[in-house]
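Look at the two complexes coming up: chain A is in both, with chain B in one and chain C in the other.
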Partner chain A sequence: MARLLTYSDKDTWIHRLSGVTKLLFFLLWSVAGMLTYDTRVLLTMLVISLIMYKLSKTEWRQVGTVFKFILFFLCLNLLTIFAISPYQGTEIYGTKTEIVHLFWHYTLTREQLFYEFNIMLKYFTVIPVVLIFIVTTNPSEFAASLNRIGISYRAGYAVAIALRYVPDVQSDFTKIRHAQEARGIEMSSKASLYKRLKSMAAIIFPLIFSSMDRIDVVGNAMELRGFGKNKKRTWYSGKALTMNDYLVMAFVVIFCIGAMAVTFHDGSRFYNPFV
Partner chain B sequence: MKPIIEFKDYTFKYRSQTEPTLRDINLSIYPGEKVLIVGPSGSGKSTLAHCINGLAPASFRGDVQGTLRVKDTDPAEAGIFGMSKIVGTVLQDTDGQFIGLTVAEDIAFALENDCVEQGEMFDRVKKVADVVDVRKLLDHAPTELSGGQKQRVSMAGVMVDDVDILLFDEPLANLDPATGKRAIDLIDQIRKNRNATVVIIEHRLEDVLYREVDRIIVIGEGRVVADASPDELLCGDVLGQEGIREPLYITALKHAGCTITPQTHPAHIDTIDLKPYKEQVKAWFETVKLSEKTPLPETALEILDLDFAYISGKPVLRDIRMKVAKGEMLAIVGKNGAGKSTLSNLICGFVNPDNGEIRLNDENIGGLSIKERGERIGLVMQNPNQMISKPMIYDEVALGLRVRGVPEEEVQERVYRTLKICGLYPFRNWPVSALSFGQKKRVTIASILVMDPDILILDEPTAGQDYRHYTEIMEFLKKINEEQGITIIMITHDMHLMLEYTDRSVVIADGKLLADDTPARVLTDDNIAERAYLKKTSLYDLAVRCGIEDPSAFVERFIYYERQVR
Partner chain C sequence: MKTKFGIKEVVAIGIGTALFIVLTNVQVPFGIIPNTALQSRVAVLTFFAAVFGPVVGGAIGLIGHALGDALFYGGIWWSWVFPDAVFGILVGLFAKKYAVKDGGFTTAKIMIFFNVVQVIANAIAWIGLAPVLDILIYAEPAEKVFIQGALAFVGNIVVAGVLGTLLAYTYSKVGGKSSSLKKED
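On to the complex of A and B.
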């Protein structure tokens, strides 16, 4: 649990990239993925994403749980779209090829299937990139690079310090939960959901109070060592941008422009195989 | 010579309080001195430290009268940042003050804030890491470090700045005895190599005196009560009057009727001249007679061949076998991370053993859930803030009964009875937030006692408490042990607690049960002390140096005598 979705120190060229580069890549990539419905573009992006996932040496156990969680929402999303507007695909592509009539006014069409397939592709082009970004970016280095592109170091450091204390809070949580369970507060699935939510309070309050103690100490410790003294600060784990960084940034900018050009050249965001 | 720290008629009052916390302080500390400041909780000794490093009045608001100069600077004017170049502060919470994600980043933190270039930072971090011997750990995350290592990192983090004054705020609070001893050694080395002025605030006097201290300043109720060399101070009664524990060998000498003089250099057990006292100590040893202890026949808890590992192949506990008798008060000791807490987790059922059996009153409890065990074995955590979840004292104590569906009339009856036992009945309608730390601790004990458990397990019941609070908590536990007949197991590394309040200690080292014996014997055994990160008691050295043949019998008699006179 402790290692889930946190930075892990491996030595690949993706890890060596600056946090800024990865952030820029991630942002542009997501925007492109959201804007385009062009299946050819999406498939290209998917292939690139998967290659990068492989290159980053990310292990399934680092991201598996989160991936399943996202997958659940993806399925929910797809079903909801069908339930609310079963003929969205027909409207977009202008044809109606029925496959089978389901019930009431729900008929499954090829167009709808294709439309929802595109939505699924969008998810799959962005998910690997998000996961890679999280597990390959050293938080302190990321804070440093945020600072370099002009964001206040206080904001950047807030992220880093939160990550520093996550394991501590996790272990506090386990300890508190055990102690409260021993006092008779049922946290297992034997209790009803409402009861469990209510018992959460018995853990959350002590957790908040002991975390407040911690914040006091950290605040004083930081101030005693001069945090916030100057407008600027330097970073022990900061990285200068390398050739690779510029290459990756150039690639993502050009790729996104290209992707937008292909997507919008006929005035529609959709690639239409039906006409 | 000109003092580096100079208080003149200095008075400090917190905004939130009506009375000043420090009154008319006149105190000079000279460059290169090593000064120990002692005093009970609430005496103002921490406030004194905050005034030196600028936290007061910048962070802790308050009004100042009189003057304070630290290296010709007024901390109130210079502020925290200005003072951070002069005074390096190491806080007592080694965990909380670790800011960086790795050791190297944490050491570099002050440099980063000073905009030092990256290349220079690398050099300086390496150099200071060598001084405190953490060079190999530079890439490690805080969770991978032991308490002692974390403290070394904290020291490196303030030393990287070339400060003139090193200020330690209770550096021993969270360390086991052997690690504490090493910390004191390191502080001493640093002072010698850097010629820095060292100010240590601590109430574990004997542990600090392990290495030479120039002066001890005793603070009581906001005033300087004594300012003397250790040799002089240990001869007087000031420490006892202010509620500070003297070194045990001094107490023993006093019990033996010796009049201690500064000429005999009583500051260290190794260097004290015992000639004038020897015969008296021997004679006293002969007069103290132990009473026969009747063994407690019934077994409350039995652990049989217990094995446990979080990750298979890496056993945390191996082959643990032990018995706890009904009505016993027992200590489980060992260094941090030896598996003490894991053992209590196993007993409470938070984790399940790979092998072996746990029996309560001759019944295997392996099949019982956490909740079911909780009715018979109560666990009190170290920090009361980690347990208290209700705003009102009554509700907090009633919680365990209410979730078990006990009718409200019975709840009230049992809660009131428990509150009376715990001396909290007058506060029954108070909010928890109005209580002191020690009182909160009692609330958490009450909230467990109310369920009438057979066994009470306490994790570090006295950690971070001064002598007065320590005595208060322990006397209370002794009372409920004697009057309610409840069996008490304490997980601790406080050697005084073992000696003074338990009849038996179970020592765990590297996952194995190393010893199960009387505290007197455990704390006089070199081998055990070394492997379990304990420290041999100074009573042992006293006995040996006085030519007493059976030192552990001497310790035993000392404890017995102490309990009689208390």
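On to the complex of A and C.
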């Protein structure tokens, strides 16, 4: 089982920011990263992301495995795009500058390279921010934050329960898998597709049914404690907003508006160096 | 229809999302095209939507996919998050009809109905919504995203159809308490 990213308690100004601020930052940042294809904006965002990564004192061993995994998928994705649509870049930028003819109908063009370079940049501008968000935000505080920005506390609590029970469900999963492997099911890639689907079922059935029992247990416990009786509730780990929170929020809002203005001022989301 | 968002729903969303996240990388890849596989988490989503209804289904799809992506891959592919939510809502809309909890999901008729809903919901989500969002949001090449969407469609139909139906059937048999009393002769 791959290692999950988890929160780690450190004392930097990013850790001290409220979860609301980080959530807002992360959402706006990923929306901006999604919409823009402007290379200049993407490069600026990349530099800012890297500075924040440094400031958050995130260590490589916390995120290294996940990062390599992302890198692998990124490469695979870039290759697939080239394999299926080798002239997407030409279509977007309107010119065709050939570099070298490869084989069959595949010709490497500058436009395609530039287009795929932009896709890669898009990944790299958002990844550090997601990583920082997860390793610096306390899950309980995150649930409190959701409530603070106006989301119903029931929804906030559902998210808190999800984050709280991920490790429990994960350990159930491991136990069940070991038990089933001891009984002789094959989970590795040596087995055929049908066999693997069958062994998948052998793990999922007990896992889901034991979780259904857990829903009853947790639900009853919450009912006994009067959950949902009042319109509001208080949070143990809720944080008040500080000066830094407002500054960061102001920065990200202004930055994203600016980024959109630069991106769309000529009516296209692509920055075109070819004409 | 009871629209109240009660404790059971809150907990079902929480635990269902946790299951969905944990099963994120328990999958059998197709191998050729990146990011497509027979995903076991689809079975969780389908089952929970069928048992608890559209709100729980939609929320598990949305929160589970977004958090699962972030926790495992460090990035969120929004254009594939929303289709999962839509799929959960569509399957969940007919939860009353399946009556999984009350032991009603045992006849061939209801299973066929469930699978028709499931296939239509998958088609809307993966052939319709996901590729269109990919093109609109990320400006990815159309051919590529439609191939990925079609593969996700096929994979999810298999998982939801086989594992989803079996889960609902078994749970209906085991957990169906409202009809398990028989009159003594």
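One rule holds for everything that comes next: the second predicted complex is superposed on the first by the 265 of 275 C-alpha atoms of A that agree within 3 Å, B and C clash if a C-alpha of one lies under 4 Å from a C-alpha of the other, contacts with A are read in each partner's own complex, and residues count from 1 in each chain.
The working rule: contacts are C-beta pairs under 8 Å (C-beta built on N, C-alpha and C of every residue); 3 or more make two chains touch, one makes a residue touch a chain.
Just so you know, these numbers come straight off a predicted model, no measurement behind them.
In the superposed model, A:I161 makes contact with both chain B and chain C.
Using the contact criterion defined above for the overlaid structures, shared-chain residue A:V169 touches chain C, although it does not reach chain B. Using the contact criterion defined above for the overlaid structures, shared-chain residue A:V47 touches neither chain B nor chain C, since it reaches no partner.
In the superposition on chain A, A:R233 contacts chain B only, with no contact to chain C.
Within the superposed three-chain model, A:E186 lies in touch with chain B and out of touch with chain C [touch as defined at top].
With both structures placed on the common chain, the touch criterion links A:S30 to chain C but leaves chain B unconnected.
Counting residues of chain A touched by each partner, chain B versus chain C, the larger count belongs to C. By the touch criterion stated above, A:F205 is placed in contact with chain B and with chain C alike. Applying the stated contact rule after C-alpha superposition, one finds that A:I149 touches neither chain B nor chain C.
Look at A:I254: by the touch rule set out above, it reaches neither chain B nor chain C. The intersection of chain A residues touching chain B with those touching chain C, taken from the two complexes, comprises 2, 160-161, 163-164, 168, 201, 203, 205, 209, 214, 218, 222-223, 227-228. Against chain A, in their complex, chain B makes its touches with residues 53, 55, 59, 80-81, 84, 89, 91, 93, 95-102, 104-105, 108-118, 121-122, 125, 139, 141-143, 157-158, 161, 345, 348-350, 370-371, 373-375, 377-379, 381, 383, 385-389, 399-400, 403-404, 447-448, 451. Taken together, the chain A residues at the contact with chain B in this complex read 2, 9, 138-140, 160-161, 163-164, 167-168, 172, 175-176, 178-186, 201-203, 205-206, 209-210, 213-214, 217-218, 220-230, 232-238.
Across the complex, chain A is touched by residues 5-19, 21-23, 25-26, 28, 33-35, 38, 40, 43-44, 47, 59, 63-64, 67, 70-76, 78, 137-144, 147, 158, 162-163, 166-167, 170-171, 174-175 of chain C. Taken together, the chain A residues at the contact with chain C in this complex read 1-2, 4-5, 30, 34-35, 37, 63, 66-67, 69-70, 73, 76-77, 80-81, 84-85, 88, 92, 119, 122-123, 126-127, 130-131, 133-134, 152, 154-155, 157-166, 168-170, 173, 193, 196-197, 200-201, 203-205, 207-209, 211-212, 214-215, 218-219, 222-223, 227-228, 269-270.
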